[in-house]
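Chain naming follows the written order as A, B, C and D, and within any one chain the residues start at number 1.
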Amino acid sequence: MLKPSSSFHRHPDRPLLWTLRLLSAVAALIVALILLFVLREAWPALHQLGPLRFLHDPGWHPAAGGADAQYGLLPMLAGTLLSSGGAVLLAAPLGLGSALFATSYGPPRLGGLHRQLLQVLGGIPSVVVGFWGLVVLTPLIRQWHPPGQSLLAGILCLTVMILPTTALLSEQAVREVPAESLQAAAALGLSRRATLEGVVLPVARGGLLSAVILASGRALGETMAVLMVAGNVIQVPAAVFDPVRTLTANIALELGYALDLHRAVLFVGGLVLMGVVAVVMALAASLQRSPGHG
Amino acid sequence: MASSGAACFDRAIDTALALLAWLVALLVVGTIGWIVADLLRQGLPRLSWAFLVELPIDAGRSGGIRPILISTLLILGVCLAVSVPIGLATALFLAEFQRGHRGFGPLVRYSLDTLAGVPSIVFGLFGNAFFSITLGLGFSILSGGLTLACMVLPLLIRSMETALRAVPAEHRLAAAALGLPQRVSLLHIVLPAAAPGLAVGLILGIGRALAETAALLFTSGYVDRLPGSLLDSGRALSVHIFDLAMNVPGGASQAAATALVLVALVLLINGFTGWAAQRWLGSLSSAAL
Amino acid sequence: MALHPKPVPAHGARRRRRSVIPWTVAGLAVMSALGGCGRTSDLKLSLSGSSTVAPLAAEIAKRYEASHPGTRVDVQTGGSSRGIADARTGTAQIGLVSRALKPEEANLQATTIAIDGIALIVNAANPVRSLSDGQIRSIYTGSLTNWRQVGGADAAITVVTKAEGRSTLELFLEHFRLDNRRIRASVVIGDNQQGILTVAADPHALGYVSIGTASQEADAGTAIRLLPLAGIAPSLENVRSGRYPLSRPLNLVIQPPAAAGVPPFLAYASSSEVNDLVEAQFFVPPAP
Amino acid sequence: MTDPDLCLEACDLSVRYGGRPAVSGVGLQARRGRILAIVGPSGCGKSTVLACFNRLHDLNPACDLRGSIRLDGQEILRSGLDVLALRRRVGLIVQRPNPLPLSIGRNLTFPLRHHGMGRRADRQDAARQAMQRVGLWEEVKDRLGRPASELSGGQQQRLCLARALVLEPEVLLLDEPCSALDPLASAVVEELVASLRGSVTILIVTHNLAQARRLADDVAVFWNRDGVGYLEEQGSADAVFAAPRSPITAAYLAGARG
């Protein structure tokens, strides 16, 4: 039997292919342009300070004059990784759960409503979420463990920010499971759990991973919400109740007031962030390629 | 006996899962409800028709948001007019022509994913340097829209590619066997079949674009006057909210009211997008002959 | 465009029209917007910089436009350093800067349009009514960590400070002769409003923000209280009279020589004609 | 020089998937207006060969083809051939009905439009005739606007047949068209195929030897050796069924019978 591969025609529609190729190249070009731009802005700092100072300097005092200046980025890198990692760890199962609710466990009517609500959440600006976090969430956390503005608050706000991405895309992925497969599973008398485990999750795996990848990118790049609730103290947190500063918050807090080398160092932070995202994506890609998929 | 035990276990797990799914749903809904209720409490008293059609007064502490609403729609229009064709084309290219794990396709995909993690403020600075200064567009709705287009591209492409891949291969096979050109099969069979999924991508992109603040602060700018053209600076709703909440003492309730308008706008646009996608799908499959 | 099926000749005319409607609407909107391109202003001034100054500058600009037909004044925001940089490169004719110029910026020319003071604030529930300069120094360097040590409740002090580079921070450090590297903070904030929200939400917080913003919020019922500094109440009157020790000028900055149309605007913005606008934004008009 | 009776002819046809040989050295002839049944056990490359006749293997980049296939004496494997025109002349029906995600009516009119039938009324006429030809018209004429996926399996398969016929193909490739259908629906489709004898050249892959006996004018028996499919024997149906030349064929037909 001919494999139903829908890929490459050996004689594809030439004009169509070239149009698509051209527009894809535009998309790729944008990435290159942005990378070049960030590199250009970061160059003075990389050139004058060398990459090691960003790792070794004990603190972050870029505005202090001359020899007193310190440019350690590590605590902020830790802040970024911990807050985003925490948020993804929360949002991924929540997203999957909400997708399962919308597709199989919840009544169909409620499922639609649920999706609508998530779409609303997706359109709420991060300032609003940050504002809510600062006024409502952090006082609650403070009662539990001061000072309230903390890694935990950052994680929770980030979770709220990326939840629409994970939930909506997970739902889309779960819906892609062919009805026949579900029927087949039902015909075998499999329980819903077994169907999920044996049919739904394997088929939807690629889509679910996609959702998590996009959400991770969003979490790593998110600025305002974290800025307003995470406390922004530059330190490697010892507990979830400690305040942290992320790379993005650092850029947003200081860029408006930074001059010359200080400004360039902030862009080095941006570059580091892009590096982190690239590594995360590479990991995800290798996961996607690993056996068991498809 | 063993099998009945396993069945029992299965049932128990199933119940637990159902419970969990409901719990998650309640949690999600509760959080959203909480945030929206907070906004309603603060903003609802300020909302009125006048709020939508008046000019802002006293740095936005009173008056309305008409110019801001119009600027927002124009920025969104520019963003979608640019990002949807490019995004859809790239998604088609990746989904239909680049299925392997090697070569040009994965490279594009990988770089786009990386783009998704660039903080929005860096997008803002890039847009400012490239569109506003290098291309000479200045602080304008055009610069802002183009910058947003760059920002939402990864999201659009990823989700649209997923939607396209979900279209069963048999459809493509059937169309090919009938001797239909690939162009026709993509445009008339694959795209409509993927329409609901494409709409999800579009909705995520629109939500992201409307919610964006930092990228716009440096590109479409801060001017709260009615824009005369796409080359004028115009303040977006999210920038207005940010300014009222962070820089204008006493602006919190106006900020909440503006946020409510933004949420309503998101709902409206999402509703329209979903409806249009269904309609498009429907129009193709229900025409009789 | 690719989203929509190719127009089909002689078939499905109804359907075709339907799918074209959104694009027609969008196109019309774009065209009508572009149509406005023809309308030109005789003179366009652009201002950019400090987010503290921007709302005030935008209000002044509106009034200036109304009384000077044919002139357009666009205000952009993004921070004091952006104001300096844009004024230098000519990206904007006028930079907005919320501090006095530094020695290395002596080649620029500043026009003060308002004065802003900086006040220490605590939560309204905090029984502490005043702190000495020494106590403040000790709290910010981490040698005093509990309100009990300064006559308050037995609770850890949440020390709120501003992010590196902010002009409020620089002024604060300079006044208390502190080194930023020795500051031990629990929360680092950006804009004033974030500081006010933080202190209002935390009964044990201590922070410092713009007096205008703080007194307006306190009057509106936000749970904060302004502390006197060296016995002088942080009020707009005391800032106006110069008795209050912690204040900063809000400046419009240009790189000389001034471009056409700029001097009249600078004169207008620093004149008494805009005093009501300055006060409406809770700043103090400069001494004439 | 060419036999005017000969419609489709494969010479020394070999197919490799990703370098692995799947079918080798097949030489097959289909005569005009006759029905050629292709039989043999699973995995001997029957469907693979069938799909080559309208170049559907082009869709799979891993698939590599050697040899020659001629339609009316014209080589169809050469590059530069108008593949789309070829596929219009050579229709394909697969095992599982695959209606397009369109309405019942548009499943027929849509391909017509893109093969240049300009007037809407013409298309509607052609569609109606094709549906009448497969006996579907009476069943669906009131719901032409409904999605094709709402039809039953047998109806869907007849719709696919009508969709192929509406393009007036010279050759029809049928890949186990009845195996997914119930006996009743299967009988209807089989009757239809029989009724096409004389007007269309038909190649039908089937596992059902009884069906092959009922339908076929000619028979080709495929076999596989070490996982590579090849043509064991071909000839007129009477000859092959009555007196198979190859012992393998004899055993297969006998085994299937017993």
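Of note:
Following the convention adopted for this analysis, a residue touches a chain if its C-beta (ideal position, glycine included) is under 8 Å from a C-beta of that chain, and two chains touch if they have at least 3 such contacts.
What you are looking at is a predicted structure, and each value in this text was computed from that prediction instead of being measured.
Ranked by how far their CA centres sit from the centre of chain B, the chains are topped by D. Contact tally for B-D versus A-B: the pair with more C-beta pairs in contact is A-B.
Distances from each chain's CA mean to the overall CA mean are smallest for chain B.
The centroid of the Cα atoms in chain B and the matching centroid in chain D are 46 Å apart.
Per-chain Cα centroids separate chain A from chain B by 16 Å. Centre-to-centre separation between chain B and chain C, using Cα means, comes to 30 Å. One finds 50 Å separating the Cα centroids of chain A and chain D.
The multi-chain contact residues of chain C, meaning those touching 2 or more other chains, are 51, 78, 190, 194.
Looking at chain B, one finds that residues 85, 89, 92, 170, 172-173, 176, 181, 188, 192, 245-246, 284, 287 touch two or more other chains. Counting partner chains per residue, chain D shows two or more touched chains at residues 56, 59, 83, 120.
Residue ranges of chain B in contact with chain D, taken from their complex: 170-181, 184, 188-189, 192-193, 284-289. Against chain C, in their complex, chain A makes its touches with residues 59-64, 68, 70, 131, 134-135, 138-139, 142, 146-149, 227-228, 231-234, 243, 245, 252-259, 262-263. The touching residues of chain B, when paired with chain C in their complex, are 58-60, 73-74, 77-78, 81, 84-85, 88-89, 92, 133, 139, 141, 187-188, 191-192, 198, 217-218, 221-225, 227-233, 243, 245-250, 276, 279-280, 283-284, 287.
Chain B makes touch with chain A in their complex at residues 7, 10-11, 13-14, 17-18, 20-25, 27-29, 31-36, 38-39, 85-87, 89-90, 92-94, 96-97, 99, 101, 106-108, 110-123, 125-126, 129-130, 150, 153-155, 157-159, 162-163, 165-166, 168-170, 172-173, 176, 181-183, 186, 197, 200, 203-204, 206-208, 210-214, 237-238, 241-242, 245-246, 255, 259, 262-263, 265-267, 270. The touching residues of chain A, counted against chain B in their complex, run 4-9, 12-13, 15-17, 19-21, 23-24, 26-28, 30-34, 37-38, 41, 93-94, 97-98, 100-102, 104-106, 110, 114, 116-129, 131-132, 135-136, 160, 163-165, 167-169, 172-173, 175-176, 178, 191-194, 196, 206-207, 210, 213-214, 216-218, 220-224, 247-248, 251-252, 255, 267, 270, 273-274, 276-278, 280-282, 284-285, 289.
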